[in-house]
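Right, one structure below, let's go through it.
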Amino acid sequence: MSKANDLIIRVAGEGGEGVVSTGDFIAAACARAGLEVYTFKTFPAEIKGGYCMYQIRVSSERVYNQGDTFDVFCAFNGEAYELNKHLLTPGTTIVYDYPGGDFEPDAIPEGVTAYPVPMSQAAKDLGSYRSKNMVAMGVLSVLFNINEETLRQVLTNKFKKKGDEVLDFNLKAFEKGKELGAGVKKVDTWRVADAVEPKDVIIISGNDAVGMGAVLGGLEFFSAYPITPATEIAKFVATHIPKFGGTLVQAEDEIASIGQVLGASYAGKKSMTSTSGPGLALMSEMLGMAFMGEIPALVVDVQRGGPSTGLPTKHEQSDLFLAIHGAHGDAPRVVLSVEDVKDCVDMTVDALNFAEQFQCPVILLSDGSLAFSTQTIPAPKPENYTLVNRKRWDGQGKYFRYAMTDDMISPMADPGTPGGEHIATGLEHNASGAPSWVPANHEAMQGKRFGKIAGLVDTYKPVEVDGEGEAEIGIITWGSTIGVVREAVERLRAEGIKAKGFYPKLMWPMPVAQYEAFAATCKKILVPEVNYQGQLSHFIRAETSIRPIPYTICGGLPFNPSMIVNKVKEVL
Amino acid sequence: MRHFTDKQALLDAFASRDGSLVDADMTFIHVEGVDLSGMNLAGANLSGGVWCDIHLDGCDLSAVHVVESRLTRVDFRGARLEGALFQRVDMTQCTFERVEAGEASFFLSKMSETPFCHAKLIKAQFLDTTLDQADFTGADLSLAQMRESSLAGTRFISCDLRGVDFRKANFHHAVYRHVCTDNALYYGKPPWGGEAIPGRDWVQELPMFDGE
Amino acid sequence: MSVAALHKKEMAPKDYKSDVNVVWCPGCGHHGILNGIMRALSELGVDPTNLVNVSGIGCSSRTPYFMQSYKMHTLHGRAGPVATGVQLARPDQLVCITGGDGDGFAIGGGHMPHMARRNVNMTYILFDNGIYGLTKGQYSPTSRRELKAYTTPYGGPDDPMNPLLYMLTYGATYVAQAFAGKPKVCADLIKGAMAHKGFSYVNIYSQCVTYNRIDTIQYYRDLMREIPEGHDTSDLGAAMELARGDGEGHRPMGLLYQVERETLDERLASIVKLVGGHEGYDKNKIINLFRP
């Protein structure tokens, strides 16, 4: 259950009924009221219609994850009710569309508060069934203390672009909802925290945040190919990159996307693409080429349920093997993994920087739940980001593209630079780029390409350790599961269990020493992750002396904090 | 195959408006006993033909393209042959003395007993070509390639052989006198005396393609 | 590429050669095509500093090594997308692809239509020898059925494709064909392709003396027919008629088709213009869109 000032509202219904916009409006209103917001949604796989769920967690303190389950549930239709009724546990509240909706609920379980409100009927009476979500927002705002002023501002900002008539109509529906809400006798105690001093925040989804990171990171070229759940990144970049004179093109497939990225990068532009597992699999050969040819490139992989077409709209963290080892031959690269929406901005900048700095492919891992999760994050300050540009040839002397240097990074030359003519090649080559299969050369070149990124384990904030001293349980996890573990660790400590967390963001090269140092302070190591094989556990076993306890789920949904707490109690 | 024995007939058929044979497409023809000396045939195509008793001395034959032709007693003396391509050409009693043939290519051709005296053959490529008894006296062959060519009795006298690639050629059967052979590429002990260069690592020095 | 805008340099064809020795078999048609490319560059006065040569994998894909320029030797079939990226990133450079029939039309076949329909401003020179040479003689999408190749000891089971019809259908704005035995024709068509603004495709038949013993110089000589004078190169229908070949199975040699159309980089530039894009755009304006 949630903390005192912490509320989780779930809205569910048919896609196209305004579920998502209801959630977005409430989230924005809460953020405007100075509160912290973390949203989570599942989309219908159907093109139109289908079940759709939007959950908003709002608190006056920072929230790290979507929470265990909802406190308040608003059912737009019977299907939503059916799919969620097992979560109606004592203490929860349900608001549902009745009478006039498409269902009548079973007997309400003991301890559950139920508020039937005729939302559809009210909308129809107003003249448009489509305004049902406006009515629902009015109801929820009154019942659960959602700041009416900020909600009204958000609605006004949204609808005034569409003309006064549309705005007036929607506000009227909102008022109608408030009226209905006021008529309900409130018996539960759930309420959104009161407004506080507004902070300098933005509210943004993981995918949009990656796009924003790309803009802040000085991206110049993006080649896109549509794939769920990553396409919004391309949409963001397509909308904004031309403002900087940059380019986005949609390629004919993912192989072409990464091909165009490598071409543009060779030609001197900061370049990237975004995709999901199936696309990353297709790009593997080209990533090997980028490694061999030492071409900067960023690929953002928004992971989804696999294998194969798998569960395209569902959450999973199962591309770690592919990201780290996917390509033939020995072809390592830098692999980063984000925890939350803030990381989506900041680490996209880092990833672009690393690609430029190390002249190699960088893979940034996000995931399906983060992709659509909107969160309040501090508004980024463009001047706070340091941008790295690739080392470029100074034009002195004879140019050797793959010259061995102290830091193993060789200066590049853009086309059009006199004297810098050179070849970027997938064939093994010597310092000039000419093909060479001399054994000693291949070994030296592999050493150069591996060596140039090895130091990253010491220079980048590779991990974060949560807690000090000795612990009974150390939890190592990655990606968006980190946010869940953060809360679980807090709860465990509150219960008197000595728990620590270890949160790597740099997945490869692997900061082995720091894993070891952490494990040395913990009696047991638990590694929760959302995939079948325990992919991070696998790397920990392979690269360190740690023998972790894997805790894997792969049902298409993320962990919640209770699951981790319970598992820890089980293994201790 | 059209047959020409007369210069004017040849010019009528192939010369451009200004009377030159630059870039002329003289393919698949039989030419006999014609004197074209001093003419400009740069870029001309002489492929698939039979050419007997022809004077091309002093001609500009740069970038000329000769593939699968038969040349008998063709006189190239003093001609410019830069960038020319001779591929699968049978030559009998042709002469290449004093030609300027930098970067010319002679591939898979039969050129036994051909004189190249005092020719400029810098970076010329003689690949898989028969040069038995050919005479390179006074020729400049620096950086030329003779890979896989047959050099039985071939004469290299007062010859610049710096950087010449003799790999897989039977260069031990050639005759060398007063030659400069710095940086020449070959396997084993050199036939012009002296020792094999110690510690020489071919694959380090040369760009070599593996299969792809 | 409209080469008029490029920095001009006076260079002889041989000056475009690199230090890497040509490794094709003696007797291969590619030698003549390479000469043609260098001659075209020389005549256009292209500065190798402004030239980016991109290739995939195959005998002909080694061409960039043998020339001075910026160059990329990429993966089997992927020269097209990579070159597209280069061209979009640097529309001020001359971008050229050299590759073979297997590289272009088998493994890379999925990319071909899109370079053409997008009218990417670059030149594709396809060395068509109807065989996979580098992997030692397998049949390719342009092999004749009569060819008994490494993997088709009894002859090929499938019919060859028609590269010219393919490129015309997908919207290439310059389509030409030649044969390696005619270096002057090759040079002229390549020169035209490089000077053309838009996606230009030059198909050049090239004999493989090592693995394709039926497509000989003699065969190509008899196969090719010069495009008749008076052919309207802006007439797509007429170009397609020519590309089909005449009733006796001859193939056209010369320029089939050339039209002007906006290129991909021009269209992308017009988007930037439309939004008033410039380097110093205030990023805070985008951040502010996400304030609640």
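Read from first to last, the chains carry the letters A, B and C; within each, the first residue is number 1.
Everything that follows uses one rule, which is that a residue touches a chain if its C-beta (ideal position, glycine included) is under 8 Å from a C-beta of that chain, and two chains touch if they have at least 3 such contacts.
Predicted model only: the values in this text are computed from it and were never measured.
Put simply, the chain closest to the centre of the protein, by Cα centroids, is C. For the pairs A-C and A-B, the larger set of C-beta contacts lies at A-C. Centre to centre, using the average C-alpha position, chain B and chain C are separated by 31 Å. One finds 42 Å separating the Cα centroids of chain A and chain C. Between chain A and chain B the centroid-to-centroid distance comes to 67 Å (mean Cα coordinates, whole Å).
Among all residues of chain B, those that touch two or more other chains are 207, 209, 212. Chain C has residues 19-20, 65 in contact with two or more other chains.
In chain A, the residues that reach two or more other chains under the touch definition are 427, 434-435. Only residues 27-32, 150, 154, 201-204, 208, 212, 215-216, 220-221, 223, 240, 242-247, 249, 251-253, 255-269, 271, 285-286, 289, 293, 376, 379-380, 382, 413-427, 434-435 of chain A touch chain C when the two sit together in their complex.
Interface residues of chain B facing chain A in the complex, by the touch rule stated above, are 201, 203-204, 207-210, 212. Listed in rising order, the residues of chain C touching chain A in the complex are 19-20, 48-50, 52, 54, 64-65, 68-75, 78, 80-90, 92-93, 110-111, 113-114, 264, 268, 271-272, 274-279, 281, 283-287, 290-292.
Chain contact summary for the complex, chain A toward chain B: residues 427-428, 430, 434-438, 440-441.
Taken together, the chain B residues at the contact with chain C in this complex read 23, 25, 27-28, 43, 45, 47-48, 63, 65, 67-68, 82-83, 85, 87-88, 102-103, 105, 107-108, 125, 127-129, 145, 165, 207, 209, 211-212.
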